[in-house]
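Letters A, B, C, D and E mark the chains as written, and numbering starts fresh at 1 in each.
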Amino acid sequence: MTKRVQEILGWYGSDNPGTRANLARLLNAGTLGGTGRLVILPVDQGFEHGPARSFAPNPAGYNPLYHFELAIETGCSAYAAPLGFLEAGAAEFAGEIPLILKLNNHDLLNEEEDPISAVTAAVRDALRLGCAAIGFTIYPGSTHRNRMYEQIAEIGAEAKAVGLAVVIWSYPRGSGLSKAGETALDVVAYAAQIAAQLGAHIIKVKLPTEHLELDAAKRVYETSRIPRATLADRVRHVVQSAFDGRRIVIFSGGAREDDAAVFEQARAIRDGGGFGSIIGRNSFQRPRAEAVKFLAQVMGIYAGSDAES
Amino acid sequence: MTKRVQEILGWYGSDNPGTRANLARLLNAGTLGGTGRLVILPVDQGFEHGPARSFAPNPAGYNPLYHFELAIETGCSAYAAPLGFLEAGAAEFAGEIPLILKLNNHDLLNEEEDPISAVTAAVRDALRLGCAAIGFTIYPGSTHRNRMYEQIAEIGAEAKAVGLAVVIWSYPRGSGLSKAGETALDVVAYAAQIAAQLGAHIIKVKLPTEHLELDAAKRVYETSRIPRATLADRVRHVVQSAFDGRRIVIFSGGAREDDAAVFEQARAIRDGGGFGSIIGRNSFQRPRAEAVKFLAQVMGIYAGSDAES
Amino acid sequence: MTKRVQEILGWYGSDNPGTRANLARLLNAGTLGGTGRLVILPVDQGFEHGPARSFAPNPAGYNPLYHFELAIETGCSAYAAPLGFLEAGAAEFAGEIPLILKLNNHDLLNEEEDPISAVTAAVRDALRLGCAAIGFTIYPGSTHRNRMYEQIAEIGAEAKAVGLAVVIWSYPRGSGLSKAGETALDVVAYAAQIAAQLGAHIIKVKLPTEHLELDAAKRVYETSRIPRATLADRVRHVVQSAFDGRRIVIFSGGAREDDAAVFEQARAIRDGGGFGSIIGRNSFQRPRAEAVKFLAQVMGIYAGSDAES
Amino acid sequence: MTKRVQEILGWYGSDNPGTRANLARLLNAGTLGGTGRLVILPVDQGFEHGPARSFAPNPAGYNPLYHFELAIETGCSAYAAPLGFLEAGAAEFAGEIPLILKLNNHDLLNEEEDPISAVTAAVRDALRLGCAAIGFTIYPGSTHRNRMYEQIAEIGAEAKAVGLAVVIWSYPRGSGLSKAGETALDVVAYAAQIAAQLGAHIIKVKLPTEHLELDAAKRVYETSRIPRATLADRVRHVVQSAFDGRRIVIFSGGAREDDAAVFEQARAIRDGGGFGSIIGRNSFQRPRAEAVKFLAQVMGIYAGSDAES
Amino acid sequence: MTKRVQEILGWYGSDNPGTRANLARLLNAGTLGGTGRLVILPVDQGFEHGPARSFAPNPAGYNPLYHFELAIETGCSAYAAPLGFLEAGAAEFAGEIPLILKLNNHDLLNEEEDPISAVTAAVRDALRLGCAAIGFTIYPGSTHRNRMYEQIAEIGAEAKAVGLAVVIWSYPRGSGLSKAGETALDVVAYAAQIAAQLGAHIIKVKLPTEHLELDAAKRVYETSRIPRATLADRVRHVVQSAFDGRRIVIFSGGAREDDAAVFEQARAIRDGGGFGSIIGRNSFQRPRAEAVKFLAQVMGIYAGSDAES
């Protein structure tokens, strides 16, 4: 157990040893094990965006076993997916990589301005499938946000009682926000704070832009001169907003992007004190060999073995 | 136990032996037993469309015993029906054919744009009636879809714990979709993926058309050149969308049709790697002797003993 | 045990002997015992319509003991009422007549377009009061119908497990239907089918009119030339719609009517293969002596000792 | 479904269709499927007598998979074993042969005059392992017999509610009986009666001797001239004692014996109207090829294709 | 994941992926990770024998943290202890080594001829403490053995449902056995079989002597010429008795012994196909540096890097 991992575990003093052991498992797995950084492979896009949009670019991804293999081969810290994808490979790959069961999911077949996900699995499923954590998405900004906060409050407490870790995907969205507002710095920082206050051990947010959405917040950001010019500045502020860095915050890159851009983002996350990335489409939508190389570079950046770093 | 059945059972490694035994029972019953293909007789139309629309074309079908006899005589893999129809014959035909209890049902007496079915029976009913599986309908596209996903998440976990298999009828419908969208290729593939992610062992969808409904998906289908010109192409894509063929996907023909059309469809399902058909109205709405002959031909197609195949 | 009663009990092969014994009790009680026909006295109008509307025409009916006496004296097959009415006389008349506890009830103090009843008693109440069956009302056509179907699915399973019979009052009503549609032949037949699929042993519907409500159904009735000119024709179709006559279907006459009309209806029910009548207001809203005479005539019709039959 | 199987199922009218389906499964499996006769392979001797005494004569039997294979290859009606042996192969052989989970077991490491078995598994285990029935041993004659009767009363009711069949091993033993009394005709007949009264669907007893144990009974046997000179006579009396043959009674041969003796016994069981044999040590303690041949001969006797029959 | 570990996991096909993942964790931890061998540090002697007898020889062992450190530093596969010892260090060492919660314990403050342990913790404790497995002691030979078998049957099923592994300490003891009988070959083999039949994933027994205790068994050992002259022979027979080697069997050395003797035992366990050792007193009752060296040698023997091997 490295000092850094022990330091991080030290932030979770209210949690029982089971939950801390599962956090340790996440922090000690894969290539970045022990560094305090994580790169997680999430594959919930089949449910969230539909199968063709998710897997046609690299049809190997239609097969649930592919993602287990990819996450293991690339040395990811964990693999996160909905019930079906985990059920389809959890026995074959038992004990090979920490699993995160995404407990709620959302599809696009009836798009609404104010989204809410369906709770599609339970804590008992996470136990029978051997998961280290549950994952749950909230949409701050949606009119249904309170319902989601209440769901994770209840489910999170249940998960903690049986020694699981709680990962919250905190994605601002809904009628309360402009499109730009969904990734505005003040909003992302606020979303990270809400997830932390809801008891998340690990928080996943999107990379924030320089934009500020809320008038009341804007004034403070300007008065207090909170730096936000560079992505590293903004990551630093989001991490600060999650209990001054005493909660693990990881960032998603969103849609498929230019590799150089992703590497640049990873450096910014690292330099801003972020804990890592959750990289789905940029991983599984390219051929396996390329994905392996790509993720090795991302992990290299986090491990500090990156030439440009 | 044929190699093919063993291969299929191998996809369900997270399930207990009870559930696997019930899947084996479904795969080993009837004329197609052992081939890895299934033809299931479903008779829930009395509830879904009303008795006269369902049974007047062949009044023998008003009698619940008729459907047990028909399913057994024609060598179907299973008989699926709501509580009442199963209660009315399960004792008389105990052990003669695998039964699937349709746990939720929907009527047409108050048509709504966004449908949801009522949960009309429970897992304990499936056990006392000697069923091999439960069946559950979801309507992706309905504003009520999350409620349905949450119901099957809970009921499915309960069923699996007591060794039953889970069959999901995934029928896109509701205000989120155009009428053509309900059978659009992208939507049917999406519906199959959702059912698989919800933990279905067997997925029932409608045969897809060439139409594409969702703009974001359309672009991918065109860019990735996903073949969709023939029905076999489309079946292949739907099967791929259900975990790359690692979940059993069967297709329904919908309304009563010309026999030649049904046979043509069965050939396309077979050639596209589909696992079979669920044929209700085309079976029980014709005289028994004709139904026997008709289903024998369908099964012949799946068994590969079809002249034209 | 007559052959006819044995034949009827034979339709309920999935039920335990306790439930079958209670069905036998209902079929063997009173004047019509053994004939396979039933006349049931229901007195839930106090709750459903208010006391004065129900009992002022014959104030003896305010007294709960009156209805026990009336049902016994007239040789009814059973007496059905809400919790309070049964509690008020079940001890005094213990063992004298089969009782049916109406488990849900609806008042008129806040009329809604889409009705749902309150569940006002439980299966354990039916046991402690010595009932042979529970009664439950569903309103197909109401936007709340799914809730009602789910309630009876759960309550019905509980009742069957403890050996009680299940009687469903299936009354189409709600925003999905026109006023005429509530008694339209297609709708009443559909309501009978739904009750049967929900697991009812005995189904109570209203007498259907010649009207057809649903467009899709109308076409079938016309194409298949389902006879509906006479009331007997329509009864025959409704009975057929309840599992081809393998479920007990009884009919209510609705509002108070001319005696000759009621007798005419009873003859039609009998000739159409219906299993009897449930006669409330026409019984208890007239002086006792008249009621005795009136019901004797109705029973005479069912027993076949009716001069005109 | 043969007439004979239907006749047998007809004796279990109080059972739900699930239990009847599982009885049908037992009666329709293997070489004797449909004949109304059963040969069951039980392997609980590892627990009951210790591993070396059980498996050293044919060391292949130390391996739990061996017994599944043996039961399947020889066409047995079912395979019965304790939790561990079933867990060790139920997934591999899912759906290949009906399983009976022996819910209680007894070892010899602290021999007592009055034995009682430990309850080593539960009905929920039988469901998750996909069993058709539970098995339970009672020792009439033991001072602990009431406790055993109470256990099976409770467990049996639970099993029946979820559609499982109940097999009772009824082995007279304990301080209430002499050694000879354990297989005395009056005692074995009494043990069969007790098992039947406790609600067993299938009863397993030892083959009775001509000895009579209880004085009060002896007088009746002599007065009533109950034939007991031949084994077939005695089998006939035991079957009669189990509800006049309306419960399935099968017989065990006990310790390893001369083949000719076992065949002679099988003929006597068949001629006396017994339903078959449960043959453990005589099957699995010999080399596989010999066991296959041996059991084929036994089954041939039951099937009536035995030369000497 | 090595081939050997995958082979071993393949024996547990009835278990859910959670349990298999925890078995994998045990098989992949520490110095012997991946070899299919285990050395476990158990420290329940404080409860079983009292603190001074247990810890005075090396007073560092009074401190619960000492044993965590020792197990981790020496590269043990797991650390097993009662509730208190685990609660006292599970947070500090979260995620560093697989833990086994000993769920029942026995003290010496009222010695009985027929022992039974108290159930001092529950499955939910194992979850909150982050354990990979529960441990449970049975005393075959005790008059209370049935109660213990029934406890582990219930607790084991509960543990498996939440994805934990089950370790049974099977220690013959009690009035049914002579002192020499407790480690007699036939008795130890029988004890291993019982634990396996009770559903244990991992079985711990004592090293057997050449003695044979039970007369009926003795005859078989002699007739079948079961080799028992060397310790390796006897280990081989015990492993065979645990489902022909398809269950993990580990051996305890018992009281403190001469190191050379322990190494000799480890070689015999290895050569006889045993899966490893559980070494308590010989580890923690000596100074830490010596213990580290001592366990390294034991593990070297299992790893095959032992000079004499």
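Some points to look at:
By definition in this document, contacts are C-beta pairs under 8 Å (C-beta built on N, C-alpha and C of every residue); 3 or more make two chains touch, one makes a residue touch a chain.
Everything numeric here is computed off the predicted structure, so don't read it as measured data.
Any chain bridging chain B and chain E, meaning touching each of them, is among A, D; the list is complete. Here the chain-to-chain distance from chain D to chain E, counted in touching steps, is 1. Matching the C-alpha atoms of chain A with those of chain C calls for a turn of 140 degrees, to the nearest 5. Between chain C and chain E the centroid-to-centroid distance comes to 67 Å (mean Cα coordinates, whole Å). The distance from the centre of chain A to the centre of chain E, each centre being the mean of the chain's C-alpha atoms, comes to 40 Å.
With centres set at the average Cα position, the gap from chain A to chain B is 36 Å. Distance from the chain C centre to the chain D centre is 49 Å, each centre being the mean of its Cα atoms. Touching of two or more other chains is recorded for residues 90-91, 124, 128-129 of chain A. The touch graph of these protein chains has some other shape, matching none of line, ring, star or complete.
Counting only pairs that meet the touch rule, the chains in contact are A-B, A-E, B-C, B-D, B-E, C-D, D-E. Of all residues in chain B, those touching chain A in their complex are 11, 13-15, 114, 140-143, 145-147, 149-150, 153-154, 157, 172, 174-177, 186-187, 189-194, 196-200, 214, 216-217, 220-221, 223-224, 226, 237, 240-241, 243-244, 246-247. Of all residues in chain B, those touching chain D in their complex are 1, 9, 16-25, 28, 90-91, 94-96, 124, 127-131, 161-163. Of all the residues in chain A, the ones that touch chain B in their complex are 46-47, 49-53, 56-57, 59, 62-66, 82-92, 105, 107-112, 116-122, 124-125, 128-129.
Interface of chain C with chain D (complex): residues 13-14, 16-17, 161.
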